[in-house]
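Here is the structure we will look at.
Chain lettering (A, B and C) follows the sequence in which the chains are written, and residue indices restart at 1 in each chain.
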Amino acid sequence: MSLKILPKRGLSDWVSRLITEYRVVGPKLMKDQYIFGDIHSADDLALDYSTTILPPKKILLPQRETLIQFDTASSSQPIEPFIETQATIILGVHTCDMHAISLLDQIFLEGFPDQHYLARRKNITLVSIECLRSCSEHSFCKSMGTLSVPETFDLHLTDLGNSYALETGSKKGSALLWSMSAVRDPTNGDYRQLQKVMSEKWQSFNYRLVFDITELPSLLALSYDNTLWDEIGDRCLGCGACTIVCPTCYCFNVIDEVDFSLHRGARSRVWDSCQLDRFATVAGGHNFRVNRSDRQRHRFFRKGKYQMEAYGLVGCVGCGRCAQSCLVHISPVEVFNELYRRQSPITSLEQEVTT
Amino acid sequence: MTSLSKPKIAFFDFAGCEGCQLTVIDALQTDIDLLNVVEIVQFREAMSEKGDDYTIAFIEGSYTRFSDKERLIAIRDQAEIVIALGACAHLSGINAIRNLQSTAEVRRYVYGDHAEHFDVSLAKPISAVIHVDAFIPGCPIDRQEFVRAVKALLQGNLPDIPDYPVCVECKLKENSCLFWYGKTCQGPITRAGCGALCPSLGTGCVGCRGLIPSPNISSFKQLMSEHGTSEAGIEAKLKLFMTHEILKSEASGDGN
Amino acid sequence: MSPLLQEILETSSIYKPTMMLVLDVRQVTQLEKLFTIEMPNGLSLGHKPGQFVEVSVLGIGEAPISISSSPSRSNGKFELCVRRAGSVTSALHSLNPGDSVGIRGPFGRGFPIDRFRGKDILFAPGGLGLAPLRSLINEVLDDRGNFGRVTILYGARNPSELLFTDELVEWETRTDVELHVTVDHPDNDWTGNVGVITTLFPKIRVHARNTIAITCGPPAMYRFVLVELLGKGLLEGNIWLSLERRMKCGVGKCGHCQMNHIYTCQDGPAFSYAEIKHVEEAL
């Protein structure tokens, strides 16, 4: 891993060069909210963004993606798989979203490798950016251990004030810097500045879970029958926003569409949500999670326990997007802390008795 | 899977503004292939020919007169499949607002001295009178949803209408939530399928596609109230398109 | 790994079905049809009893269907017993011999038949639950010498909903199979047992420690059958169930079949009761 320096005045040239060879996606302002969108010039790019409405998963796992195309009237090749990729750079990915991408990578690689995801992923270069201040009132990345970038980055930026420190994590990443005259080697001053920025950033973030993240799976195991789920179910509107904006939610539905010939068409996957009514309903009509409280519990268990058990990676990266988008104030930090609070009195009571 | 002959379809109207039929006419112009796959035998809004050998009937508008019953039953007897087209047929839509007052008073208010000459019943969705196989919601209907519905019918299936709320489509579009800007929106309890058209244009959803199957109405009312809508204001919003559904859920005791 | 799955992994999409020929369609009950599917190019499905395939009618969609035929009788063909319930299964029901259907699979974990050898086997299917269990039943009967007593308790709502009636007659007449059938709602011609499946349990003798029980049926049935089996002293690890979930992708990605941390399409659909008794959402 080597460190390079890109003065900020060189950013515009760099982005212009990238655009000639890649589809470049990055944070940009839409009305007064940020989204990940196509970057056509450095002016579009808002590396200093707070958070985006949807995470960058929308590039890795498009909302609607054709899986196969078919023509049942064709006798030779009735079905063709459809895999289309385009060399893409995602610029300015926050560290929480990088952790989420690591989880997606593992899920789509494990067992039956998903060729559609993997082909696209292979063609994506991830340029992450160091988070130096809390991006939203709802984020709690420090508690979730996602405030440091995972090793999946291709290039990692740290804002040093007048310049960016560039760490390359892969050949794909270093290729982005090839023959860039504005990029220079770091001076001692740059190293000092990087060290200063990195050591100072932590105090700009708060731990917001009142317990350690490693306790979360066991806390949830004790909380399956907690009445909090009913209270949340009473509030939940079942709108599904929390899962749509979640960087680690990847559940999908599969739908067929045909043209008027009725024999030509495509099968696509579209984002789905475990918060919606029909998600766990089987052919006979039985719904395995019939109440909103069942569905919210499933969501929180998935984030805090199941993904950890299945993949060894935390299912919630603390980005805070779900809390931001929830109209009835269901926030993971508050849910987890409330469960902890409801479990704790018993423990402290027991301690009082024994001492 | 190709059907051997074109199904014969017909369009009928009851109390409504005919906007849904206009949307169908729009669809026939943007998706001209529709005319190659179905045969329209009756469509007063668009043509003068009139055939009665249809197998699929699209009905626009609400039941509002006792005399509508006979005509609805006749359509049901002829058609193999009956589809409610649009909010008035599906939910009784805005016609049902009059059900909040006494029918006699409404009749007197509208028709004055001639009130006795007019046949006026409670406004009802057509499903209150005849069996309806499927519905295409909205005021007006969504053109693409209509086209998809026709394809599904050609494939021998009933149309698959979303049963999740407008918020899903709105979030997918990365719209900024209107509640963040001091506005209100019925998206959380209203059936999707419109592509979150109104919120995408900065106007709150008015619920024209009706309630999702299990809406959390009490939590929604609380939300509206937190955002400064008075109780009367909430009622007015809910009862613009959803009067029939709300009254029904209140009567069955699961509304609040 | 099955040759078909190998081919799926080597071609470019795990979501691409292989087109196969519908060899035969037989009406089994008013709601169910039995499809015989022929594998192309001499491929064999290579399935285990309890596994399922994803069946496509292109343009309509895809549905998970358990394999009804036993590997022992496959010979380049397999059978699917399909109840008409949704749009895909309705479209399947409109197919005729000579039509094509898309197949992916076999997927999931079937029953560990190697661990069943030498034991008494008690089958307790309810309704459509006989469709997946028939695969295992015939596999056991085709290797009859390697198993102890074989008992089948089968319950259906009414006589017209009984599946595989020719085979029921065959099992009935075999001396090495004990078959009991019951219906909830008899018709005038019914002379057999009346009542839910649990009413059959008092009729049988079970050597609990040496018995493997396999049950499959509607979600509501499991709790009652489990009470009977556990009451007879069967070990939790020796009671096997096949669970139904909405397995949309079959390959552990789409999330629909998840119950707690378990993907039914990968870790199941066959589970021992010991494996799922602590899984809150399982039953």
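What we mean here is this: contacts are C-beta pairs under 8 Å (C-beta built on N, C-alpha and C of every residue); 3 or more make two chains touch, one makes a residue touch a chain.
Computed from a predicted structure; not experimentally measured.
Novice: Going by C-alpha centres, which chain would you call the most central?
Specialist: That would be chain A.
Novice: Could you tell me between which two chains the number of C-beta pairs in contact is largest?
Specialist: Highest contact count among chain pairs: A-C.
Novice: Return the chain whose centre of C-alpha atoms lies at maximal distance from the corresponding centre of chain B.
Specialist: C
Novice: When the centre of a chain is set as the mean of its C-alpha atoms, what distance in Å lies between chain B and chain C?
Specialist: Roughly 42 Å, centre to centre.
Novice: For chain A and chain B, what's the span in angstrom between their mean Cα positions?
Specialist: Whole-Å distance between the two chain centres: 38.
Novice: Just give me the whole-number Å value for how far the CA centre of chain A lies from that of chain C.
Specialist: About 39 Å separates the centre of chain A from that of chain C.
Novice: Would you pick out the residues of chain B that each touch at least 2 other chains?
Specialist: Counting only residues that touch two or more other chains, chain B contributes 1, 155.
Novice: Touching two or more other chains, which residues of chain A qualify?
Specialist: 72, 258, 262-263
Novice: Which chain C residues sit where two or more other chains touch them?
Specialist: 59-60
Novice: Can you list the chain A residues touching chain B in their complex?
Specialist: 30-33, 35, 53-54, 63, 72, 234-241, 244-245, 257-263, 271, 273, 276-278, 292, 325, 327-328
Novice: Along chain B, where are the residues that touch chain C in the complex?
Specialist: It comes out as residues 1, 155-157, 160.
Novice: Tell me, which parts of chain A touch chain C in their complex?
Specialist: Touching chain C: residues 67-68, 70, 72, 78-79, 81-83, 107-108, 110-116, 224, 250-256, 258, 262-263, 265, 267, 269, 272, 274, 279-284, 286, 288-289, 294, 298, 301-302, 305-307, 309-310 of chain A.
Novice: Given the complex with chain A, which residues does chain C contribute to the contact?
Specialist: The touching residues are 9, 11-17, 19, 56, 58-63, 83, 85-86, 89, 100, 102, 218-219, 244-246, 248-249, 251-256, 258-261, 266, 280-281.
Novice: Would you pull the chain B residues touching chain A in the complex into a rising list?
Specialist: 1-3, 31, 33-34, 36-37, 148, 151, 154-155, 163-165, 167-168, 171-172, 174-177, 179, 187-189, 212-216, 218-220, 222-223
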